[in-house]
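Next up: some structures, all given as structure tokens.
Heads up, the next two complexes both have subunit A, just with different partners, subunit B and then subunit C.
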Partner chain A sequence: MKKISLASVLLLIAALMLSSVSLAAEPIKFGAVNPLGDITGFQTTRAMELAVKEINEAGGLLGRPVELIVVDDEMRPEIGAAAIDRLATVDNVDFFVGGMGSGVHLAQVPALKKYEKITVWMGAASHQVEIAMGPDADWYFHLHPWDYQQGASYGQGWTDIANAHPEIGASRIFLAYEEGAFGTDSYLAYLDLYEAAKDGEGPYGQILNDFAGASFTSALLGGGDYRAMLRQAMDFDPDLFIWAGYDADAVPMVAQAMELGFEPPLFVGAPPGWPANFGDNPLSDGVILYGMWAPALKEVSEISNHFWNEYIKMHGHEPATYFAPLGYTNIMFLAEAIKAAGTLEKDAVIEALRTIEYESPIGAVLKIEPSNIISNQGFTSQKILQYIDGEQHVIWPFEYATSEIKYPFGR
Partner chain B sequence: MRNKAMLIVAAFVIAAASLPLFAGPYFLSVFNTIFVYMSLALTWDIMLRTGQLSYGTAGLFGLGAYASALLVAKAGLNPLVSIAAGGAFAGLLAFFLGFGVLRLRKIYFSITTLALTTVFSVIIRNLPRLTGGASGTVLPRALFNGDPGKNYWMIYCLALAVIAISVWLSKSKTHYAINAIRNDEITARSSGIDVFKYLLFIFVLTSTIQGVIGAFYAQQYAFVQPEATFSMNFLLLPLAMALVGGVYSTIGPVVGAVLLGLVSEYLKLIMPYGHLIVYGIIIVLVVLFMPQGITRAFAKLFTRKMQVGGVDSASLRD
Partner chain C sequence: MLAAASKKQYLFIALLVIAAIVIGFWEPHALIYGIQRGSLYAVIALPLALILGILGVLNLAHGEFLTVGMYATFVLFSRFGVDPMLSTVPVTLLLAVVGVAVYLLTIKHVLKAGHLSQLLITFGISLVISELIKSIYTTQPRGVFTTYSYSSTTLAGIRFGTYEFLYLLIAVAVLVGLQLFLKKTRLGQATFAVGQNPRGASIVGINVSFVYLFVFGLSIAIVGLASVFMVPRVSIFPGAGTPYTMKSFALTAMAGLGNLNGILLAGIALGIFEAVVNAIPGGSGWSDVVFFGVLILVIMTRAIREGRR
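Presenting the complex of A and B:
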């Protein structure tokens, strides 16, 4: 009896020890580098925290909790590079995630190549990053569409819209571009697309017949009078008018166009960010924009709806930038791959990342495919959105459309 | 006292040189960044000693970076040689620009040097075939293949050289000439000092160093991009470091760079969100309450304590 009770006590102790080991299991560490002083990086991090919370509430991964370690890159390349060193050698993370600006990420490339840990990077759209990373980094996964993929997707979008709505044409495009680097590069990219379209090739090959452009000084850089440029656009009489400037140009651009009576059938703005509450301005109605996500997606996508509600519940504010659902996607996609691999072994996780498909709150299924140089590219296209009655709606791709296009633009 | 000070400096130099033997890549990265900004802070301060407030640090840093990167990417030059070439290019350009900008004084000189950064950046952006335009240029590989220890030793040696130049200048006859120019240019001129010659010498010297540091930065991270390479951080942070440490000296920018570099990292550890606000407040408070800089404030405090303690202050000067 004594022997039995001693054995049972020993068993009990062993069981307790095992369970305590399981409870206190080493976490799987995700190391993120985000710019926390910027709204995109801030909301990305908040969305990542939501994803990690959901994963841990569901029992973690491989029986272990997930820990998210975030380092601020301060939008400075050297700080971003040091952050990779810190996460790899001080925090000993298992995976790298996050990321925003291309300039910061370019400086991180040598450090990432040094450690060769599995990296699922969500930002940095410049094709220079792809060149710097090279074709051999099989451990590197990039989620945001590259700059050239974005340009191609707009052409595809307008072709699809023109095919679906014969009354909508995009054969004459006028590009108004701010005279700095951002605008000038956009203009040069459109010139290349136009040259290809002349031979019936490229993303605009089926629709574009004529193209013109004119520069303006952005309101952000002391300008803000677009009348001379708008008069050139009026003389050209485009089907599709696009301006590539900054958020400070958004309201005065539409206001001055209205003032001159310039109401092209399609009025598109392509700044890197829009002014807060632009939708509240009556002038916004019918303005088209490019982006990866719109809050209205929650009406057509279950996962978008889930993300929207849970993000607000956890943080008390609405996600305002597509980097928020992209950050959530970043963590969830990696977590799904680890689950599918059933191990943290590098080759198995890489294989799982390449084979799984993840329905993302961004409004697309994430699947890895090769791009021009790297073999592991995630999303390949942006969306065409439109302000309708004060709200951003998706009008293309059609499978995620939350509204019909409002056409033509104008009062 | 002097021997003690020399011993302390020697101990710091040896300790810093041996850091890669026991510190990990992260700490080496942090100190690497500190040495980059320390060198820039010293060059900004050296120019300030002439009485000219230059805002061209970021521009010449960027020019050196671009010259070096393009020489490697387009001409296949050895990266180490390209770093020297980057500095030479920035110095040569500063020599020619000096004939124009050094005719200006005070706010006009400052605004012109600030504008130069924008001008360089715009030119680079508008030469896409040569420079890669707004997207920049990527190099085939990073300096020393990204080896943190070798990169650390490289920037450490460069920073030591800049410190040595600063110390040498403060002991040379140039020091007296530029001090005289700063205090009263007309009197200096009347005393036979060739004002333009000295200003040009200092402008070319500091620009060359800024170009070398920019070139090293470009080679270390293997890329150049107008937005990142001509960032105002390469002007504002060195300026803040020199002001916090104390201007018109070698020790001021050195201490300012080390202090702000370490404080920045520490704040980030203890408050991931909002650390930059605290960092900014610290800089404002130091500049407001210690306008001569931390080094002079502590030197005064130390001297006062020694006097209260009965130590002859004259012995401190030995």
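Presenting the complex of A and C:
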């Protein structure tokens, strides 16, 4: 009896030891570089933590747990570049993930090229990054649509909307752009699109007849008085008024337009992020925006609904920008590829990343295709969204639409 | 240090009025926007000028105190539903307390340490305030929307917003209040004396330390007052007040140290310049160039004239 008991105990210990192998195993390290002081980076990190938690609760990857190591880039290029070095040499991460701003990422490109680790980067939309990365980095995967892809997708969106709703026109477009690099690049891109549209070509070829633009100083840079620019827009009388500035411009822009009595049929804002609770402002109703995701997607997408609920459950606040589901996608996509590869061997994981498809909470299926320069580009289009009754809704692409477009604006 | 209106000032007023009439005929909106914005610049610059004139400290955290006032107004609005106009008294008082505390903890200890130390400490204060706000509220902008702040009227076929004329009223009220304080009250006269000659003031029994404390607290309170009236028209974020430090310093330098009346005039003049440049298609990017270009021109002209004397 005593011998049987001893054998049982030994067996039990052995079983426990075997079952805890995955927990005791060396973790697979994902090294993220995010701006933690900014809402985008803060929520991205929280979403990444959710993804890692779900992966580990499901047994990890290849029998090993996943560890997320996050370094704050403070939105400063030199710190972002140093973070890559630190993650590679001190933390010995297996993969690089994360990232927001193009300026920071441009500074990181040389360091990434030095280590040539598999990198699945979620942010940085500037085509300058693509130029800097070049065509030979087969280990580099970029998820966010490039700026030129975004412009093309908006043109496609407005063409589809105009075709579906003949009363909606976008033949006269006025672009208000902040005078920094972000806004000026947008203006130059629109000028190119307009030149192509004159010959009936490009994404706006079927709809755009006339285009004008005016710059303004963003509130973020000490401006915030848009009235002179808005008066120029009023004189142009556009079908579609679009402003390319920052979140700090959003409320004063709409409010000053109201003050002047400027109510274009389509009022579009294209900042990288929106102010907290913009939807609560009565002026937001009918404002159109570009983005990759809207909370309302949870009504039409199961994975979006899962992400929304689990994020709130884990962190106690709602995801506010599309960077949160994009951060979750970033980790999950890489994890799915590692699972599919069945190894951490570089070529196998690269091949898996190129072949798998991932249904993302962003509201699109993520699959890798070549873009203008790099061979591994993820998402290629943005969505057209609209604030309706205080909530962001998807109005295009139609397959993910959560509402009909509210038209015209402000009447 | 605090100079009275002079012949030059009247000449400047006459030129400003002529320019305003010409611009009013050419582009009336630019004139309206210029007066409104310029008045705001002036009301924010007045307290900076007061601190610089009396304490001799260039407060690089000036704009950050403005940001603190904005967030205080926002908190009262979002947590307790207090309309910004009703926040005037509590926020002004709060900023006065903040000013007094900051003075006692930091500024007081570097008054005799030289300008570099003063600049560094106020720069440090600005960073601390900014980072504290970021850590509490993140960088995402907040807003306080009230319909009255975007009300407009049409006069002679010209539609314009009316709220920002409050800035002119406040600027005049603050200016008149400061002048009355400096000339008609004992503490004001003591302040004037300290500004002229602190050592002399001390010898005749004026409590210079108290005057410094009072002036700093009063100035930051005025900043708080300005912030309350700005809040319904601006986005609130950690760097919202920062650009006003340089603009305030520019106005102070343009008006001449101690010339409080000149700050209002300089503010309106530069506000109109800025609005005219903005009204020209493609001119927006040049507004700061014009703003600081005019400043450089004025300071250089003054320096050359003084050099000839």
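Everything that follows uses one rule, which is that the second predicted complex is superposed on the first by the 374 of 411 C-alpha atoms of A that agree within 3 Å, B and C clash if a C-alpha of one lies under 4 Å from a C-alpha of the other, contacts with A are read in each partner's own complex, and residues count from 1 in each chain.
FYI, contacts are C-beta pairs under 8 Å (C-beta built on N, C-alpha and C of every residue); 3 or more make two chains touch, one makes a residue touch a chain.
Note that the structure is predicted; figures quoted are calculated from it, not measured.
Visitor: After superposition on the shared chain, which partner residues are touched by A:Gly273: those of subunit B (first), subunit C (second), both, or neither?
Guide: second
Visitor: Between subunit B (first) and subunit C (second), which, if any, makes contact with A:Val70: first, second, both or neither?
Guide: first
Visitor: A:Asp247 in the overlay: touching subunit B, subunit C, both, or neither? Say first, second, both or neither.
Guide: After superposing on A, A:Asp247 lies in contact with subunit C but is clear of subunit B.
Visitor: Contact-wise, after the overlay, does A:Leu50 reach subunit B, subunit C, both or neither (first, second, both, neither)?
Guide: Touch status of A:Leu50: no partner.
Visitor: Kindly classify A:Lys114 by the partners it touches after superposition: subunit B alone (first), subunit C alone (second), both, or neither?
Guide: Only subunit B is touched by A:Lys114; subunit C is not.
Visitor: Applying the document's definition of touch, where does A:Leu353 land relative to subunit B and subunit C: first, second, both, or neither?
Guide: In the superposition, A:Leu353 touches no partner, neither subunit B nor subunit C.
Visitor: One more residue to check, A:Gly37. First (subunit B), second (subunit C), both or neither?
Guide: Touch partners of A:Gly37: subunit B and subunit C.
Visitor: Classify the contacts of A:Ala162 with the two partner chains as first (subunit B alone), second (subunit C alone), both, or neither.
Guide: In the superposition, A:Ala162 contacts neither subunit B nor subunit C.
Visitor: Looking at the overlay, what does A:Leu220 touch: subunit B (first), subunit C (second), both, or neither?
Guide: Second partner only, subunit C.
Visitor: Check subunit A for residues that touch subunit B in one structure and subunit C in the other, and list them.
Guide: In the superposed arrangement, which is not itself an observed complex, subunit A uses residues 37, 42 for both subunit B and subunit C.
Visitor: Show me the residue ranges of subunit C that touch subunit A in the complex, using the header's touch definition.
Guide: Contact set of subunit C toward subunit A: 29-30, 33, 37, 134-135, 138-143, 145, 149-152, 159, 161, 233-235, 237, 239-240, 242-244, 247, 275, 278-279, 281-282, 284-285, 287-288.
Visitor: Touching subunit B in the complex: which residues of subunit A?
Guide: It comes out as residues 36-37, 42, 70-72, 74, 76-79, 81-82, 85-86, 88-90, 102-104, 106-107, 109-111, 113-114, 126-128, 131-132, 147, 180-182, 184-185, 188.
Visitor: Show which residues of subunit B lie in contact with subunit A when the two form their complex.
Guide: For this pair, the touching residues of subunit B are 24-26, 28-30, 32-33, 36, 125-126, 128, 132-138, 142, 145-146, 148, 217, 220-223, 225-228, 231, 233, 268, 272-273, 275-276.
Visitor: Along subunit A, where are the residues that touch subunit C in the complex?
Guide: Against subunit C, the touching part of subunit A is residues 37-39, 42, 179, 214-217, 219-225, 227-229, 231-232, 247-252, 255-256, 258-261, 273, 275-278, 281-283, 320.
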